[in-house]
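Please see the structure below; I have some questions.
Order of writing sets the labels: A, B, C, D and E. Residues in every chain begin at 1.
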Amino acid sequence: MTLGSRFAPLALVLGTVVLLALLPHMFDSRYALTLLNQLGIGIVFALSYNMLLGQSGLLSFGHAVYFGLGGFTALHALNAITDGDLPLPVPLLPIVGGLMGLAVGIILGWVSTRRSGTIFAMISLGFAELVAACSNIIRGYFGGEEGISGDRMSGPVLFDLTMGPQRDVYYVIAAWMLVSALLMYLITQTPLGRMANAVRDNPQRVAFVGYNPQTVRFLMFALSGFFAGIAGSLFAINFEIITAQAVGIEYSASVLMMAYIGGTGYFLGPVLGAIIYTALSIVLSAYTEAWMFYLGVFFIIVVVYAPNGVSGILAVHEPVLRARLMHRLLPAYALAFVTGAILLIGAVVVIESSYHLSQPGALTTTMSLGGIEYDADAWRAWAFGLGALAVGAFLLRETIRSVGGAWADVRTRMGGEAAA
Amino acid sequence: MSATPAISLQDVEKSFGSTRIIQGATLDVLDGERHAIIGPNGAGKSTLFHLISGHLVPTSGRIELRGRDITGMAPYRINRLGLSRSFQITTLFHRMSVVENIRCALYYPLGYRYSFWRLCPRLKDVHERADEILERLGLTGRRDVMAGMLSYAEQRALEIGLTVAGGADVILLDEPTAGMSRSETARAVDLIRALTENKTLVMVEHDMSVVFELADRVSVLLYGEVIATGTPNEIKSSRQVQEAYLGVEVA
Amino acid sequence: EPVKIAYIDPLSGGFANIGNAGLAHFRFMAEQLNAENALPDGLTYEIVPFDNKINAAESLTVLQSAIDQGIRYVVQGNGSSVAHALVDAINKYNQRNPGEELLFLNYAAIDPALTNEKCSFWHFRFDAHVDMKIAAMTDYLVDRPEIKKIYLINQDYSFGHAVAAAAEKMIAEKRPDIEIVGNDLHPLVKVKDFSPYVAKIQQSGADAVITGNWGNDLSLLVNAGKDSGLDVEWLTFYAGLLGGVSALGDAGVDHVRQISEWHSNVPNEETDAIVTEFKAQYPEFDWAYYRVGVLMDMLTKAINEAGSADPKAVAFALEDMRIDTPVGEVWMRKDDHQSQQKLYLATLAKGQKFDLENSGIGFKTDQEFALEDTVLPTTCEMQRPE
Amino acid sequence: MEGWIFFLFNGIVYGLLLFMMSSGLTLIFSMMGVLNFAHASFYMLGAYFAYQISTIVGFWPGLVVAPILVGCIGALVERYFLRTVHRHGHVAELLFTFGLALLIEETVVLIWGRNPVPYSVPLDLDFALFQIGGTSYSAYKIFMMAVSIAMFVFLYGIIARTRTGQIIQAALTHPETVGTLGHNVPRIFMLVFGAGTGLAGLAGVIGGNAFVTEPGMARALGTIVFVVIIVGGLGSLTGAFIASLLIGVIQTTAVAIDVSLTDVFATVGVNLQEVPLHELWSKRISDVAPILPYLLMVLILVLRPRGLLGTRDS
Amino acid sequence: MLQVRNLNAYYGKSHVIDGIDLDVEAGQIVSLMGRNGAGRSTTIKAIMGLVQADGSIRFGDMELLGLEPHQIAHCGVGYVPENRDIFPSLSVRNNLLLGVKSGRGKGRWSPEDAYDLFPVLRERADTAAGFLSGGEQQMLAMCRTLMGDPDLVMVDEPTEGLAPLMVAKVKELLLEIARRGASILLVEQKLTIAPEISERLYVMGHGRIVFSGTPAELEADHALRREWMEV
C-alpha cells in the first residue's frame, strides 16, 4: 500500500469534517439550516436502509418503524431529561434512540429475516401497518394524532451547545451523520458486511461456506435498525416533536425512494438519493403545488431508464474520465441538456398552468411563473407550453441518439486502449 | 487410512410425497479416498448429495460424518464440521469479484464468523489464502473480474475453488466437468486431483474417463440403491453395472 | 410593507379541499381589507400559504420556512393535533428568540385544552370550542324529550375525544334520562366502509347520533346510514364543511344538524352581500367561516390600536377586545384568549336562500344561543410576558 | 343468534366488496408475479372515468366503457414501461408501479381538482331491496355483490381453466423459451395487465359512487387489498376470495364486540390495569378492529408464509 | 429447406457470428460442431430469432430474419435450448402441453408418444418439472418441442450430462424424429452421437464455418480436427 492510498480515506474524512463545519457559515439562513438538518437526517436514514436493500438484498417496506420508534424513545428520554429524571446531555440522545431501533430490530427481525424475497417484503409491510395501526391504540407512547413533543434546551450542556439555536442542532446532526456513515461504511468492510452481499447474491451457497444465511440477514437487519433509530432521534431533536406518521408507510416509502434514486449499488448512492429527494420535496414544495407530480415523474424516469440510480449514471462515467475521454461526451451532453431544458420548460408551463386552473382558490387565471405573469387560460400560454414540449421532445430524441453515438465512439476508443 | 469412514450412510431413505427416490442407501466412504458415484439419470445421485450436505433431510436412516451423526443437521453446521460441496448447476456470488468469492469461503473457517468489528482489508491471512487458491485455480489473471462475467469453464473452476477453499477435508463435487470440453476436462481433472490431495473426495460424474482416471473406488447408484461398490476395474467388468448403466459399449 | 400571514393547513392530499377553502376565506378578507386601507401606515395584508399535509411534524417544518421569510403571524385551523404542535413550537420559539415573537391565530381547531390547561399567551382562538358547542347542543336536547337514546361516534384523536367526553358529561347533567347506547372511536380517515358501525347504531336503537366527524369520515358515515335505512337524527359539528353536503346529498336533509357560530341563512343583509360576493369570486366554495372575517377584523383593529404590527403589542391589544359584527358582538376573553360569541344550531333543508356547494340544500336555524349563554369557565393560568 | 347471522351477512357483504376491489390485483399478481402498487389508482381512474361518462350518457354505458378505457391505459403502461422495467427485476417493477400511483393521483388532481366529484348511485338501483334485522340492503349493494361473484367466476375461468395461465406462469421464469414454443408472450402479458387494471377500473366504477370519488380514494383503499391477496396466498384466486370473506367477517364482527381483554380478565378476577401495556389490553375489540387484518396478515406470513391456499413461496 | 446465407449475429456490440452459410435439406440430420464458444449455440439462437442478427435465413419459402421467435415457431421450427429451460413450477404434463401450438391440428407427436418413449415421464407426469433430475429434464425438453410438430428441430447439446444408456436413447429419439419426416440441426461438442447419425457436418471456429462435409470426410481430416475440435 502506498502512502497516498493509505491516507486517502483519512483525507476524505477530514475534508468532509471541514466542509461540514464550514457549511453553516456559507449558508447561514434559518431556511438553509433547516434544509441541511433534514438532509443529514435523510442521509443517515437512507444509508441505514441501504444496509438492507443494497447490501443484503432485503426489500423492506417498513423501515420507518425503526426510525420512528427510535425517535419516539428519544423524545420520551428528552422529556425525562427535562423532568430531571435522566442526567444525559441532549446531543447524546441518539444513543438511546439507536438502542431502541436495535431492540425493535432484534425482535421484529428475528421473525421477519427467517424469510427473504417477496415474503420478507410483505412481512415488513405487515409489521409496518401493524405498528402504524398500534400508534393509534397505544396513545401513551405515541401520543395519538398530536404525537409527542419535548424541549431540547434541557439537561446538562455539552461543548457549549445549548441546543436552542438551529446551528447547535446542525452540529449535532452533522457529527452524528459523520459517525454513523463512517460506521456503516466500515461495516460493509467487515466479514459480516461481505457475507451480507453473499447472501444477497446467493443464499444457498452461503450455507455451504459455513454461514447461516438467516443469521447474516438478522444481524444486518438489527444493525440497520440501530442506525435508523439514530436517524429517528436526530429527527426528534431537530423538530422536538414526533408523530405517528414517523412510523408510517409514507416515511418507509420515502426512504425507499431515496435509496433507489441515489442507487443502491454504491455506498454513497443513498447519500446522493437523500440529498435529491429531500431537496425536491422541501424546496420544490415551497415553490409549486405540483411538486408531487414532478417527484413522481422523476422517480419513474429513474426506475425506467436508470435502474442503478443517479450514482449508477455517475459510475459509468468513471472509466471515461480515467481514460480522459470525457470531452468526447460533453458536446452531445450539452446538446441533450439544451433540448431537455426546452422540453422541461414546456412541461412546466403546461403542468403549472393546468394545476393553476384546476385548483380551487385561484383568484384569477393570471399566474406568474419564474417572474413572468401570464394568463393561464389564454391560448398563447398553452400554445407556448405545448409547443416547447413537442419541440423539446422531438429534439431530445434526436440528441439522445447523438449521445448514444458519442458513447459508442468512446467505448470503441476505450476498448482499443484496454486491448493495447 | 483410519478405521472410521469419512462418510457413512446407513439405510438412508428419502421420499418426495409418495415416491421413494432413495431407497435404503448404505455406503461407506473411506477416509482419504476419492470416491465416484455413478448411475443413470434420475438414480438419485444429486439427491444423495443434498442429503449428505444437509440441503435435504432424509425420511429415515442415519448419516455420519467421521462417526458423528449429522442426520437432519442444517447445511451450515455440517459445513462447519468439515464437509463442503459444489453444485451441479453453478452457484457463485455473481455480483462479487472472483477473489471476493474465494474470500467469502474463508472468513468462517479462519475464525472471523459474523464479525462486524474487524475490517476485511486487514485480514492478511484471508488475503494470502485467497490469492494462493486463485493461483492454484489458474484464475489469478481474472482476480478482480465479477464472477458473473466469467466464462463457463472458469465459473466451474471457481465453483470448485469455493468448495475447497475453506479447507474442509471432505469434499463433495456434483458433476464437476459437466459442460466442459475435452481439454478443459483434462485440466479440471488435474485441478481436482491437486486440490483434494490428502482429502476425502466424493463426486458424481457421467464422464467415465474422468471417473476412471480420478476415482479410487466407484459406487453405482440405481433406483436409489447402491448396487455395487468397488475399484474402477471391478465396476467396469461387472455385468450388472454394464446392463444397468453403461449400456453395451463401455466408454 | 405587507403584514405577512402564514396560512398553515393541508393544501395537498386528501384534506386539500378543506385547506383550500380556508385559504380562499383568508385571501378574500385580506383583499377586502387592503382595498379599504384598513391598516395604518399603508400596511397591507399578504396571505402566504404553506402546505402542512395535515401532519404536526410537517407543520413545524413549514413554520421554520415561514420564520425564514420573516413572517410573524400564523393562522391554522385544520386539526387540533396540528394546533397543539404549533402552540408548543411557537411558545418555545418565542422564549428562545425574544423580540422576534410569533403570534398564532386559530380559526378552527377546537380542542378545549388549547384555551384551558394548554393555553398560551401567543395563541388566540376565534371559534367556540367543543365544550361550548356541546353545551349548546345539549341545551337544545332539553327541548327534545322524544330523543331517549344517543349514540356517540367520533374520530380517534384529541378533538373526537373531547366531543365524546363533553357529550357524556353534559348529557348526564342536563338530560339524565337519555341513555348513551354507544361510544365509538374510529381511526381518523382510515375507515372506508362505515356499515358495520351503522349496523351497531341500528342495533342499539339510537334516536340520535352525536358526531364531531368531518370530511370523508362524516359523509361516508351518513351515507352508510342512508344505505342501511338508518333513521336517526345526526347532531354534527361540520356537516357544512366543504365536500360534506354534496356527498351527503338528500340523505342529509332534515336529518343532519350542525352547531356553529353562524350559517349563511342567518338573516342579515351585510353577510348576505359577503356570501354573494365570495361566491362570485370563488365559485367552488361557499362563505362558511364567519369567524375568519371576525379574526381578520379583530386583527386589523388590534394593529390599529397597537400602532404597529409587532405581534407582542398586537397580542396585548387583542386581549379583552370586543367587536361588533353583523350578527352580534364577539368578545376575546383575556383569561384564556377564547372568543365568546353567538352559536346557531341549524338543520340541512331544501329551499333556503343560500345553498351549499350548489346542491340546493342549505342550513335553516333551529335554535340560536346568545353570547352570554355560551360562556364557560376556564382553567387557564395564562403566563404573560412583561 | 339473529344478531350473529346479521353480522355474518354484513361481513360477507364487506368481504365481497373487498374481493371486488382486489380481484384485478390478484389476477396480475398470480399470473405475472407483479405486485401492482398502482392498483388502487386504476380503481380511482375507473371511478373518475365513470363519473365523467355518467355526466354525458348516464351510468350504464360508463359501466362498460370506463373499465375498457382503464384497461387500455393499463395495457399501454405495460407495453411501454413495465416491459422495460421488467428486465431490471421485481424490485424495479414494484417501484415503478409505486411511482405510477403517485403520478396517477396527481394527474387526477390536475384534471378534476381536489374536491370530491358528485358521482352517485344510478337511480335504477337506488332503493332498498330487503331487510335483515331492521337494516335494509340497497339494490345497489346487492348489485355490487353480484359483480364481485361474477368477477370470481370469470377469473377462475381464466386462471385455472385455460392454457393462458400456464403460459404466463412458464413465461415468468423462461420468457424466451415460451416464445420459441410459439406463444406470443409479450402480447399475453399486455392483455393480462390490461385485464387486471380493467377489473380495477370496474371496481372503481361500482365502488366510486357507493363511497366517495375524490383524489384521495386510491390512498384510502391503501394496503388492505394487499392484505387480501397475501392472506389468501400468493397466486391463489380462491385463496383471495376466501381471505376477502374472512377479513370481512372478522372486521365486521370485531366492530360489534365491545369487550376488552381487561374486561375478560376482570370477570375471572385478574386485574390487568397495572400490567405493562395496560393501554393495549384495555382497548375494546371494536376499537382495534382496523388493525385485525394486518395482524392476521403478519400471523399468516409467519406461520404459513404461503398464505391460506398459496402454491408459491415467492 | 433451411438456407442460411451470410449470417452475422451480435450480442450487444460484440460480433459473434461472422457471415456463415448453412443448409439443411428436408429429412436430413445435420450437425454443427466446434469448440466451446465457437458460436454454435448463437447460430441456432439467431435462426430462432433470439439474438440480434443480419443476413438471410430462408425456411421453405419464408424469410425468418426479422420475425419474432413465436412467429418463427409457427413456421415450423422447433428449438431445444442448451440449458433445457423446462418450466420448473409446472407439472411434467403441463410442460408437454405447452409445447402444443394453438390453432394446429394433430401432428406427428402426441404426449402419449413421449410417455411411451420415456416411461419415466409418465411416472412423473404430475410432478413439478423442477424436481426432475438433469437427465429427465433433457428428455422433457426435447419432447416438449416435439409436441409443436416442427418440421425442423434444432437441438443444442442434447447428450450433455446424460448417462451412457440415456445417450443411446436420445440417439434413438433423434433417428425417430427424422424417420417421421422432420429435419434436424444438431449441435454437439464431444462427437458423442453426431458422427453416427448425421448425413452432413459443419465445424465452426471463431464464428465462422471452417469445415463442411460428411462424417467420413471429417474422420479423415486429422489436421482440422486437431485445430478446431480438440479430439
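Rule of thumb we're sticking to: a contact is a pair of C-beta atoms (placed from the backbone, for glycine too) under 8 Å apart; a residue touches a chain by one contact, two chains touch by 3 or more.
The UniProt protein names, listed by chain, are A, D = Branched-chain amino acid ABC transporter permease; B, E = ABC transporter ATP-binding protein.
Just so we're clear, the structure is a prediction, and the values are computed from it rather than from any experiment.
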Note: chains that touch subunit B and subunit C both are A
Max Cα-centre separation from subunit A goes to chain E
In terms of C-beta pairs in contact, which of B-E and A-B ranks higher?
A-B
Centroid of subunit A to centroid of subunit C, CA atoms only: how many Å?
38
Distance in whole angstrom between the CA centres of subunit A and subunit E is 50
For subunit A and subunit D, what's the span in angstrom between their mean Cα positions?
31
Between subunit D and subunit B, distance of the C-alpha-averaged centres to the nearest whole Å
49
Among subunit C residues, those touching two or more other chains are 12, 17, 20, 156, 187, 284
By residue number and range, which residues of subunit D touch two or more other chains?
109, 113-115, 287, 290
What are the residues of subunit A that contact at least two other chains?
133, 136, 292, 359-360
Taking the touch rule as given, give the residues of subunit B at its contact with subunit A in the complex, in rising order.
53-55, 74-76, 79-80, 84-85, 87, 91-96, 100, 103-105, 107-109, 112-121, 123, 162-163, 165-166
In the complex of these two chains, what residues of subunit C are touching subunit D?
12-14, 16-17, 20, 156, 182, 184-187, 189-193, 195-200, 202-203, 216, 219-220, 223, 227-230, 242-243, 246-247, 249, 284
Subunit D-touching residues of subunit A, taken from the complex the two chains share
53, 59, 111, 115, 117-119, 121-123, 125-127, 129-130, 133-134, 136-140, 249, 253, 256-257, 260, 290, 292-293, 295-297, 299-300, 303-304, 307, 351, 354-355, 358-360
Any idea which subunit A residues touch subunit C in the complex?
29-31, 34, 38, 133, 136, 144-147, 149, 151, 153, 164-165, 235, 239-243, 245-246, 282, 285-286, 289, 292, 359-361, 363
Residue ranges of subunit E touching subunit B (in the complex, touch as defined):
35-37, 120, 123, 127, 131-136, 138, 160-168, 189-190, 230-231
